[in-house]
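Here you go, one structure.
All chains are identified by letter, namely A, B, C and D, in their written order; residue positions are counted from 1 within each chain.
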Amino acid sequence: MSMRLPKQNGEWINRSKPVKFTFEGANFEGYEGDTISSALWAGNERILGRSFKYHRPRGVLSLANHDVNVMVTDTVDTNMRGDVVAVKAGMKLTAVNTEGGVRNDRSRYIDKMAKLLPVGFYYKAFHTPKSMFPFWENIIRKAAGLGVVNFEYPRILKRKTHRHCDLLIVGAGPTGLTAAIVAAKNGLEVVIVDENAQAGGSLTYDRAGSPEPLSQLQELMAEVARHSNITLMTGSYAAGYYTDHLVPIVRPDGIVKVRARAVIVASGVFEQPPVFRNNDLPGVMLGSAAQRLIYRYAVKPFNNGVVVTANAHGYRVALDLLQAGCKVSAVIDLRANGESGPLAAEVARKGVAVRKGSCIYEVLPQAGNMGVRGVQVCNYDEERAEADASSIETIECDGVAMCAGWAPAAALLYQAGTAMRYDNEVHQFVPNRLPEGVFAAGKVNGVYKLEDRMHDGARAVAEAMRHLGMDAPAVTVAAHAGAAPSHPYPVVPHPNAKNFVDFDEDLQVKDFINAAKEGFDNIELMKRFTTVGMGPSQGKHSNMNAIRILARIRGVAPEKIGTTTARPFFHPTPIGHLGGRSFHPHRVTAMHSWHKAAGAVLSEGGVWVRPAYYAKPGMSAQDIVQDEAMSVRTSAGMIDASTLGKIEICGPDASHFLERFYTGSYGSQKVGEIRFALLLDEAGVVVDDGVAARIADDKFYVSTNTANAAPVYREMQRWLQKWKLNVWLINVTGAYAAMNLAGPNACKILSKLTSDDISEKAFPASHFMEAKVAGVTARILRVNFVAEQAYEIHVPAPQARAVWEAIMEAGAQEGLRPFGTDAQRLLRLEMGNHLVSHDTDGLTNPFEIGAEWALRMGKPFFVGQRSLKIIAKRSVTKRLVPYMLDEGYSGEMPQECNLVINASGEIKGRVTSIAFSRSVGRVIGFAYVDPADVAPGSRFQIRADSGAMVNATVVKTPFIKSSNEGDQA
Amino acid sequence: MTTAPQQTPVASAQQRLSPKMTVAHGMEIPLEFSSAEIEHKRKVNLGVCDVSCFPRFGVKGRNVVQWLQENKVDIPEPNSWVQQGESLVLRLGNGEFLVEDQFEGKLCAALDEAVMPEAYGVYKIRRNDAALMLSGSHVQELFSEICAIDLRDGALLPGKLVMTQMAGISATVLRQKFNGEDVFRIWCDGTYGSYLWDTLLEIAEESGGGAVGLSCYYKEML
Amino acid sequence: MKLLKCPVNGERPLSEFVFGGEVREMPDPNTCSDQEWAAYVHYRNGAPGMKKEWWYHGPSGTWFIAERDTMLDEVARTYLYGQEEKQ
Amino acid sequence: MPLRLLKYALSREHPAPRFFRACEKPKDSYDVVIIGGGGHGLAAAYYLAKDHGITNVAVLERGYIGGGNTGRNTTIVRSNYLTPEGVNFYNASVKLFEDLSQDLNLNLFYSTRGHFTLAHTESAMRTMRWRAEVNKHVGVESYVVGPDEISKACPQLDISCSGQAPILGALYHAPGSVARHDAVAWGYARGADQRGVEIYQNTEVTGIDVQGGKVRGVHTSRGYIATNKVLSAVAGFTPRVCKMVDVQTPIVIQPLQACVSEPMKPWLDTILVSGSLHVYVSQSSRGELVMGSSLDPYEVHSTRSSLDFVEGLTSHILDMFPFLSNVKIVRQWAGMADITPDFAPIMGKTPVDGFYLDAGWGTWGFKATPISGKSMAETIAKDKAPELIHSFRLSRFEEYELTGEKGAASVGH
């Protein structure tokens, strides 16, 4: 039997577009515009899902994105929320978290064992004997969780965009729409969002059987359409509030990050379920859910229902049910005095029996809890929250609409830092102190009457305008009059429980009482112990009742209990939306396409992508690296060194600046000379090294390690401000490309391309010159980092590739080949040069790496100097030494970071660099060792991965035979 | 001796598109990526054009304003720009300037040759900008995805420039009138050029835009 | 994301900035004791309050000072180093 | 079903007593006052009573117990640190954790799942080996594994990380575990309470009375309490408490954020951490993915959430697990972390006699809860810090003897 109603004015479904789909193997037909739940309900399917803990059948509860017991999978996607996800043709749906289907779920036995599973039961058992815990844990893990993740699900790219506006309005109900219109008339640029597929809020469903709300909505929408400065986004929810009015709006196709100058939260309220036995059966739903079914989807909630209420809304719902052709067997009003006024009169006129001072004692289930067969109604003592079981009367029905009150949808307000207070006039938390630029209006602000809500929207706009520095008249809104829209304690005790407070987590009233008994009588502790509000609906229908129950247990006002913290997100938000299109910035050098064409295998160094080595068919990476290095030793090789940081220090105080910044001496440096530049932090830790070339009296050209260009430049800028020197810093890291031509034939090759004399004699090591290379003005630095004969050629980036190619061509005869960073690491090792952050770590001081020679301790000041004076008084605990393994060593090759272990088995240091050098014919490296073992010839032991001890001998650097000088000191 | 033209910083990213190249201001630069018709369509939606070939001159220092004035350069307010003849003069923050000659501009060459007396304490800044030109109906959509700040007309005012982050890297942006239409100019460090180019194209292509060559904007000049 | 106002470039999202720590007076390295120096290097004024901090606007390379309440994460004012009085 | 649960089904009245008494009015004096009712403070109280027979102890908690970082962390327990001192210390904690459910007679869901620290770069691989070698040296089961072994333990992981940061290997740490963090605090609270310790919630310390360099008492929102020994165990609030006694520390406060997905059936059996991607993730017994990232980049004394964090984290999670595109994040939150310059805690005595510090726990405090409690209890009882925590002393900064944990600057959760 179909529950579909004839056309309802304003309905959201498109009857010309039927949609066929299956649920749990059965065929269903809905319409475009239906949600999964509404289409199923229209097809008279009531068992839409099973609850998380007890596996009880569940149906429609809110139809407002917190029916988390109705989660389905279409085999591709999982945990799809039936109450809000649109139904699509061809969907093959099943409920998640069942064993054997939603009707015959084998896990339903758990419901019968509920008594064995008291609140927090998992803390109380399963841990003894200890050996059994993994067994129980496995069972518990499998029982937990909802849907099964589809590992084949594609990574979906969602756009994330920014949007700026004067005013963001969250919620496009009558309050929000009115606010938008008023703001737009005042010239503000407005973005208004609503999570529902269509705007209108309560006007779309809460009608009390009258056509009036729909025409009011149509008027508002027509007015909105007239303003080009209003952007209305429906099907879009505000997921959270972040500092300085940043609100991400989640839409089906992505996220819009709205940065507003002011925000009005007109997000309304969530209807709250009264608590009574079996209030979770399929067919028992919130009054607003019944209204949504009727007016949005033209679906009859049930045929013969009762309304249990504690406010005027229940009477409106009764009228809507009647309008839809439902029989309403009774309106059961918790309040002793019931409702008076026109609504009550209208309900009475329509012949509906009203029972004041009554409650539903329990809902009578159909077999297997599959639905409702009736309700037991009895007298209710509102003050004491007691049901008089002696007065029970049974009413037959197949559905219940619940209308006991509301909780504010105040998550964004909380996140913005709003202090809320409990208002006894409306029995609801309302904003007390709002943060700057954030305003609340409508029901979330405790304003219920329709005209008042619209006024309240206008009032909020006026306040927002004043916040924005505009003039706006004060708008006053009438205080709430009459009965409270929410009942202070809509809870009916029952000895057999199953009176649910939290439908996500299957929590009953007694769970709260027992948690309090165990000492968890503070709302946050109670939340954690019972897990109330921690399910996917995040307490939207449970937190308020939990607060009311705890307040009652402790005998205090709800305000004293406070609320739990509302964290983002307002609704669970997909990872794909949040991750979106991600950006992975990286830098490439001017020679990048040359490298790729030459077969370079690229690696990342900081933000740079650069060649590790150049692949050769049929050769292992290891062999290639040895070959590349060998060519530097025997003839010549060239590496793209563009990734080095390059900074120009200009101005009359340039040398003075360097003297303070680096450890060395630069005042006496002659133009054309290069000096080592060692940088420490204030604690005396080595953070960078490079060279400083004096290219003019008032100009130095300084290099830094690849990864440090930006931070070193930044620190230079900062120190410069403090020191107030006449210095100008220019970061030319990207403007200059660099290539290091190295090897015995380097001079010969380079000479072919320059008319300047670059011979060893005319242009010795540690010198700088400007010369034309292949017709391009180049800065050439003699830096012996990878080889004795090496020319670091810096040229403007746009010309670099041409220069690189010219050199490669010029060197073809000599067998010049490019090398990558892997060979460079080996080459510098052979030269005895350590690498900062490879051979040092975050605590290394210069004494530990034998860099005393680079310190000019006699200078008046340099960064880190004062700390070094303190450190110098202490004994060094480890020192970096160059070492070799024994000749012909063929055992297990130690790895970098293997430990240096002394005879008594203590850790004395570690290997920081190790490699076989074909040039030296030995395995060489750097290691930290006991300071007692640093003399050349000292022996120490390295423990390899397998535990094997490998002998090593301390040696002098450079490892390779030098033609002229000794080590770098 | 090489006579090879200079290379645009975006070259490695453009390679896969096999553009028809030309040499402008000594730099090899894409002239056309596709037919004029297709490029025009792209440009209407969202055209991305590499104009790195324009000559540029950067300078900073103690008396930079005085020096520029003496060399007959109009001085804009901080974070603003002025068009001087066929050249743009950008003032990046307070004390740094970037001059860019458009097709016919000669200012950079003149400044390059101008004397920089030591006493002035002004220093030339070697630059390697990836310089792009964007226009079309979807530009703001693109900006909204790669930039957190408002670059719409009401926020990025004529004559103003903005140094901000785009797709995670530092960039300078301004809006200029060009042949009667609004175009946006973006400058970033050349070593990020290929990355930015690829990122912009990926997004532009989703809205019917794409790479356009120099001829799309500068037909008459070429 | 929080907004921060660079005195040169105006209000920008925090992602454009690098935090440079609290502004701290360096003791005279020539006259201070080892202990005073070690305290300067290692110890921080970690309690919440209104603090003067270094911030760096990356795209423009601008260091400036922000006076920020570290409890509320609210910035009272920003200015270039040494130009406190001009603001 | 275990028989233990039967009594709940059989009795009319809920048969469980309070975990801890509701204390309202503190006594005039205590032997020891502990500031901070998180895991650390409660554990210290528990071991003071249990190991040293000191039961005249008050624990003062500003909010509710376990409400600070104890309830905000991502519950990972491990000992695969870099320095021998670090490994030994955390290993002692792991050992205590392993028997803690039985010791406290509360199921803490201590679940040993194995822990992989993924390396995406050569330098990260080096650090993994370094840690593995030190761990092995001290007898902790950690070793470097290749991509194949990672895939075997977590076949769903995209080893190429969507091509953005291919995984080269990992440090595997067999004892890596997760536990129910709240329960740890509750268990210690119950154990301490049963032994006579008094726990005061909603009780703020407003000042510490120091005379002649010695602690004399504390001023609280419930009045003055005389005592000669005060332990500060207040992650996120250490600088404020230290200011009360004029003790300088290097600690700055930075928020650390985390988030949790909706529940799904179990598929992620191990704990994964990636320093390069700033991600750590495990799946809880409820079926939720619990995820965290690196610290927020500047000092803030509040627990506000940021969108940047969750955007960055999810983007990296997708690099690792592309199929999670439509799995939803339910909730994000933040804690305030005490950050030290060498990524190690500060424990032990201070220049003020009777003022003990258990601080600087950064992002790694939960895993140390049992051993820090035990060590601080001993320090207080004997007025001398045990050797195990010697390298974490406050004076190390003035002595330029920072711990070596700074050597491996990677995410340390």
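Please note the rule applied: a contact is a pair of C-beta atoms (placed from the backbone, for glycine too) under 8 Å apart; a residue touches a chain by one contact, two chains touch by 3 or more.
Nothing here was measured: the structure is a model prediction, and the numbers come from that model.
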Subject >> Contact distance in steps, from chain C to chain D >> reply: 1
**OP:** Would you mind pulling out the distance in Å between where the CA atoms of chain A average out and where those of chain B do?
**Re:** 34
Subject >> Chain centre separation (chain A, chain C; CA means) in Å >> reply: 27
Original post:
Measuring from the mean C-alpha position of chain B to the mean C-alpha position of chain C, what distance in angstrom results?
Top reply: 33
Original post:
When the centre of a chain is set as the mean of its C-alpha atoms, what distance in Å lies between chain B and chain D?
Top reply: 51
Subject >> Per-residue multi-chain contacts in chain C, two or more chains >> reply: 1-2, 15, 18, 38, 42, 61, 73
Subject >> Shared-contact residues (touching 2 or more other chains) in chain A >> reply: 160, 242-243, 246, 257, 584, 683, 867, 870
Original post:
Among the residues of chain B, which are close enough to touch at least two other chains?
Top reply: 148-149
Original post:
Considering every pair of chains, which are in touch?
Top reply: A-B, A-C, A-D, B-C, C-D
**OP:** Give every residue of chain A touching chain B within the complex, in rising order.
**Re:** 159-164, 257, 259, 581, 583-590, 592-593, 596, 608, 642, 648, 650-652, 698-699, 726, 728, 730, 732-736, 753, 774-776, 796-803, 805-806
Original post:
Given the complex with chain D, which residues does chain C contribute to the contact?
Top reply: 1-2, 14-15, 18-19, 22, 35, 38-39, 42-48, 51, 53, 70-73
**OP:** Name, in rising order, each residue of chain D that touches chain C in their complex.
**Re:** 238-240, 242-243, 248-253, 297-302, 304, 306-308, 338, 341, 397-400
Subject >> chain B contact footprint on chain C (complex, rising order) >> reply: 1, 8-9, 12-13, 15-16, 57-62
**OP:** Mind listing the chain C positions that touch chain A in their complex?
**Re:** 1-3, 18, 20, 29, 32, 34, 37-38, 40-42, 54, 56, 61, 63, 73, 81-82
